[in-house]
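Next come two complexes, and both contain chain A; in the first it sits with chain B, in the second with chain C.
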Partner chain A sequence: MDFSRRQALCTGGGLGAAALLAACGGGAGTAPAAGGSPRRGGTLRVGALGRTSAITRDPHGTQGNESDYLVIALVHDTLTAPGGKDNNTVARLASAFTPSKDLRTWRFTLAEGAAFHDGTPVTADDVVWSLRRLRGTPSGAARLPGITAGHITADGKRTVVLVSDYANAELPLLTRLSTFVLKKDTPDKEIPGAPGTGPFKLDWYRGGNARLLRNTDWYGGAVHLDAIEVTMFQSPQAMANAMLSGQIDVASNAGAVAARTARARRDVQVVRRPDDMAMPIVMRTSGGPFADARVREAMKLLVDREAMVRQVLSGYGSVANDILGTGDPAYAGDLPQRRRDLARAQRLLTDAGFDFSRTYQLVTTEDVAGLAESATLFASQAREAGVRIEVVKQESGAFYQKTWLKGDFYTNYWGTNDSVVFFASKTLTTGAGQNETDWSDQEFDAAYRKVLATADRTARTAALRDLQRIEHDRSGYLLWGMADGIDLAAPKVRGLPKLPGYGRVQLENVWLAP
Partner chain B sequence: MTGSGALEDTTRSVPEPAVRRAVGLAARLAAVLAKRVALLVVLLAVVFAAIELLPGDAASATSERGEGAAGVAARRRLLGLDRPVWERFRDWLTALPTGDLGTSARGERVSDLLSAPLPNTLLLGSTAFVLTVLAALALGTWAAARPKGVVDRVVDLTSTAAFALPEFVVAVGLLLVLSLWTGWLPAATVTGADGTPAGWHMLVMPVLALTVPQTGWNTRIVRGALADQAATPHVAAARLDGLPTRQVLLRHALPGAWPAIATGVATSTGMLLGGTVVVETLFNYPGIGTVLAGAVADRDTPVIAAVVACSAALITVVLLLADLIRARTLGVRA
Partner chain C sequence: MSTTAKAARPRTRRPRPRALVPAVPALLLVLLALTGPLLAAHPVDRPVTAPYGEAGTGGAPLGGDQLGRDVLSRLLHGGSALIGSALAVAAVVTFLATLLGCFAVLGPRLGRLVERAADTAILLPSVLGIMLLALAWPGGGRLAVSAAAVVLGTPYAVRIVAGAAAPLAATGFVEAATASGERLAHLALREILPNLRATVLALFGLRFVDAVYVIAMAGFLQLGPRPPEADWALMIRENGPGILLNPWAVLAPGLAIGLLAVGVNLAANALAPATVRRAALR
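Right after this comes the complex of A and B.
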């Protein structure tokens, strides 16, 4: 079987199709502005990416498919949910969450009137059972860090108490994405069709595709749509084609290539969700050529950030300032923006005794669109300052085995970008589980501990700013820009979420204009 | 008459010619079948070995991002990937006759994984197959009716061009013309609650994308086989007798051309099945091609091997049918 050729053709064909489609658009036009008052009724047809081989129906499993996560998130509720610019954590199944003075004990009060789709009220026992089940999965420790199963308890019928091993002012942030609640003691076999508490009920699910019906009794408010039909697409090209031929109303997370294709068309809205994806260049701080902070700073000065955003992201993105968590309401936007300064970069490199005669390998993958391109463009920009970089592409599996967390110099990507603390806890503090740059900075650690242990909002914001300043000055991350999340939608679709990352699945406020 | 009866007959006395032919055919079939099964086993061994050579394995490919090395190692043990590849191959192969296709890297039974997509692919493939055969026969005989005529030249050129076109080029062209420019047909397949395409019109473009290149190939074979037959004495005699062209072609030339045509068409089965991987992905058609593409990315050996085994079984059956047609035709003439 001539498989490799077919595969090559397949990718080539996709690109060819996109190029051809771009050529056949109509005149330039802007999508109609969203507005008007919500109207009840209608079926929204949503396309989302996924593969048959990766289908997961368990809300506490690993959802490799966006289509599966979308269905799960519409049927089941999490305790909290991603929010907008003012507050990255908002109430959901838990209507209120309050910490103890020492910020270790958090009490979550369940929303008034919350019930499963079969009418049974949600109790604290259901939530405790669900959270313990989540904690018991292989990745449970990463999803509920610092909370052991025994520290998840019920207090009465409507309060759930979580006790963290350490003070954690950001604990509700951790309950946003995967704390889906099911009925206590739901057997594993019945999990796929088990009733949830969310804005939509499952009508049917088959092979990645699903139909969902409005939950008229949802505690969270009126749901406008009668139904949502989810179609799984194996390739972004097929999804974009279905969008352009009017088979679906929304193409979720369609990407920059599809956006460029659709830009010229009047009958498609391009919805941009800023701060969706970070694609930092990772430099090892504990050894190797980038251990010297001056070398790292020089790399951050070599890059032409505007050109990166323009060329790698087709302009669908924004320039960043080497701090991860750009969508955080407390993001330190007032720190001076680093700009390209080749003279200073060269001076720093010379001072640090940088070896200009060597060629440095930058390892990358093709896991997300633009990642390998970002490495290539950065390498050519660095060459202008006399730094020789060779880009090495690795297959995804090999990358995670050989390079990730180990290499001196590589690219990576992160999807949750509305919290500075999220990255600090996961990747930047000494000994953090995914400390990609192997960074250990006492001042940074102290700032981090202060942020977690400070309840007062103003004092916390000040501590958070210190933390970001240190990260900006000397961490091993070169974050040149942020990619927008891009959804395509028919003109009649209103109320689509503008949130980055998994905020895109909050479709309960969507309505269809006549 | 039973098979064993036939065998006894052959040992006792000089058998009837019909019986001898039947026994000979059965023996030949059994031999061919045994050869094909042996070939399939070798092919599956190659599949197992090839996936072993790809970078990464199912444990790392399906691992959660951020899962530690210990977690990946534990999953590797769970999936049995720490055992030698030949051992895994032996276990998988010995379970195969019982209908057990193994378990996927994500813990699903492979037979469940294929139960919905396989019928969809068979529907797509068989429709394309039937269309290909009909179109190739029609075009090939039409062209042969007047050798070196206008029709013959046009068919000759277009069939060569069509065969040279990869499926994805045909598919993209169809998408542009039939869907995005004219809006006549849906660009992608959307499935209903039963897992099959929501409308028959969603099959049109995938079927055409598969049919066009294969029709090119088979038209050339039909045309070539008829040309060979035209040179034989009995066809020449029929023509000299002044029989109408139509009758010469259909009654005298075509029967002798069957063996060559059957063989050509049978080889198309393999190419059709290979083409579905591309076509299904482009049109979002819910078949085994898309399952296979995902399984390769996941290094999911049992799923890949199961798809290969199913396709190979299908191809074997079609090739056997072609052999039968050949044996029958040649037998009649012998």
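Right after this comes the complex of A and C.
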């Protein structure tokens, strides 16, 4: 069936697109080969998910669409970027970052030769203006925690100084996500077309779709591709179908079902990016039925993690241990893996005086594939222990308005899974901006502060382990597994990013084989 | 006189057994749906194979759904609730419509009121109505959808009954009864209603099919039953993404809904007295 559809597309050449012919040229049976030396040239057609209603062009706005984030990240650079397992923060626009002795003052030195697309060099003033603008957004406090706008200053032409309210050894980590740099004093209405410093510059943009051209003068090295075309898709299915029929070269974050559909096709590369997405079940710790730590532990013991990974993620993922940040080099893999233990769970529930006669509502949305399914499967697993859970599906908008940060019991997902400290600062410390479980634990807060205030790497790893142990023992997160990020790509596409989370937007090293 | 009676007799009796044949598929399907839970090999909520597992793997003849649960077992479980609520909706709508329709043709004032209300209600987009009611009644689930189906289906049905009853209201025997001082209720229920049997039966069949569609549509829009319930319409919706991996997860419930609607329609047609069919064919 696939073959005939491809054939139909090839023979129906009235469309006359050269790219279409190229896609057909791959033919059945050519296995994707890695390696080879990068070749210059070509246009990469990338599909990314997005909804028209959620489009944003502002690099400092809230990017709800993957397509928007991709376009913005390729045009505007961040100060630092996600790295691999050994080092989760690598240099980008800031070529070096050094702390003061007390870990409160950080100096970021801008990369040699960094310039905007119109040729003007990037100065510290531009960065300071951009960071202050970012800090001034509604969620600015969560994006640059502990740094007030007044404490972002320039020192000369090429150094930016950030002063944190407290010692923070992990500050560069926080500058990886949305510290997109714009020219100083760019008026708001010119933001969408404003020049950035990234490896690609904007050619045109139409309602979520964009064409980007190579920035020949990029400071970060040679960019192989001539251009990237980003196409926005409303559903992963539509995107995967476009990929399979050769209309796009890469389907970004297409999901496990698409990967399995494509598995029978030897001319499609399936790129798995492990530790990509956390899909925890969130339990409110400050009130309601899950306020008792014993109840929370029982829930964590009820879930059959292997079955969840197998059935919800089609096996494209790994079992997790209730600690967010599995991609962190300092992830405490030596903590005992929590397994299913119904007897112990029931004993804990009985001790805690849990009401077995009530039906508990688990609220979920269909924002990402597998989310609602995870809730459904968890509900039926819990029923085996006598806990009655009803799954309530909410429309995405209603979910974020009514349930997120407020509900007792709901599913959630985080696509930026890479460091333990990131989650601790955003969701777990007392009063954190997105404290989804409304958790406040003095011991945890102390451990967090200790991690941030420790400069020595070994000592910090030890402190991080303490922090993770507390999180594992009693936080409100039931993290049963980690979903792999799954991209589909045509065989000619080489050098695709393999990093989880926002690492997926690093397309500057991609090249097309002849 | 006696010859005509002899000739007429076989004509009214003979078609009956043959007429029942079209009703068989619907009866079988309803019977299967009602006894389905007893025949299912697996529980509705336990995964037995890979998500969208192929037909035949893990003891699932029609493969697995989005969580690897047995499609056949879910199919067998999912029918009774749909058929049950559709039956209830059809019965209530037919009952209300018959009652209102019979009274409406006798009292001009009630008639006008019913007519206006029905016209307004018919003009209302039904999807919008269902969504409104389902959203205004969170947690209503199946009950909310059924209520919406009743509210939205009745006006149209009233018009049909009233249309069929209008000529009867003008016949001699009703006029005679009116003249002899019978009360409105007697006129409606004793004089008009018995002559509407064929219309009411046909109406019931049509209302059942309509209710199946409305409830299935609400299920597809996720307004009625909630997961992990094994509802046919919900199954279609849930398993859409994996249609290339296991088409049966979508095709089987889709076919079941289609067969049910077509089957019941055939049955209603067959069961309706011959006069109505002849009238319809003329």
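By definition in this document, the second predicted complex is superposed on the first by the 481 of 514 C-alpha atoms of A that agree within 3 Å, B and C clash if a C-alpha of one lies under 4 Å from a C-alpha of the other, contacts with A are read in each partner's own complex, and residues count from 1 in each chain.
The rule is simple: contacts are C-beta pairs under 8 Å (C-beta built on N, C-alpha and C of every residue); 3 or more make two chains touch, one makes a residue touch a chain.
Everything numeric here is computed off the predicted structure, so don't read it as measured data.
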Touching partner for A:Val391 - first (chain B), second (chain C), both, neither: second
First (chain B), second (chain C), both or neither touched by A:Ala114: neither
Touched partner set for A:Val312, first chain B, second chain C, both or neither: second
Partner chain in contact with A:Leu301 - chain B first, chain C second, else both or neither: neither
Partner chain(s) touched by A:Gly207 [first = chain B, second = chain C, both, neither]: first
Touched partner set for A:Gln237, first chain B, second chain C, both or neither: both
Superposition-derived comparison: chain B or chain C, residues of chain A touched: B
Contacts of A:Thr376 with chain B and chain C, given as first, second, both or neither: second
Intersection of the chain A residues that touch chain B with those that touch chain C: 237
Chain A-touching residues of chain C, taken from the complex the two chains share: 45-47, 50-52, 66-68, 222, 226-228, 240-242, 244-245
Chain B-touching residues of chain A, taken from the complex the two chains share: 1-3, 6-7, 9-10, 12-14, 16-17, 20-21, 24, 51-56, 62, 64, 138-139, 142, 203-204, 206-207, 209, 211, 231, 233-235, 237-239, 241-242, 244-248, 394-398, 400-401, 433-434
Contacting residues of chain B [partner chain A, same complex]: 54-57, 60-69, 71-72, 74-75, 104, 106, 108, 113, 116-117, 166-169, 171-172, 175-176, 179-181, 183, 186-188, 190-191, 193-195, 274, 277-278, 280-284, 286, 290-291, 293-300, 303, 308
In the complex, chain A residues that touch chain C: 236-237, 255-257, 260-261, 307, 310-312, 314-315, 369, 372-373, 376-377, 379-380, 383, 390-393
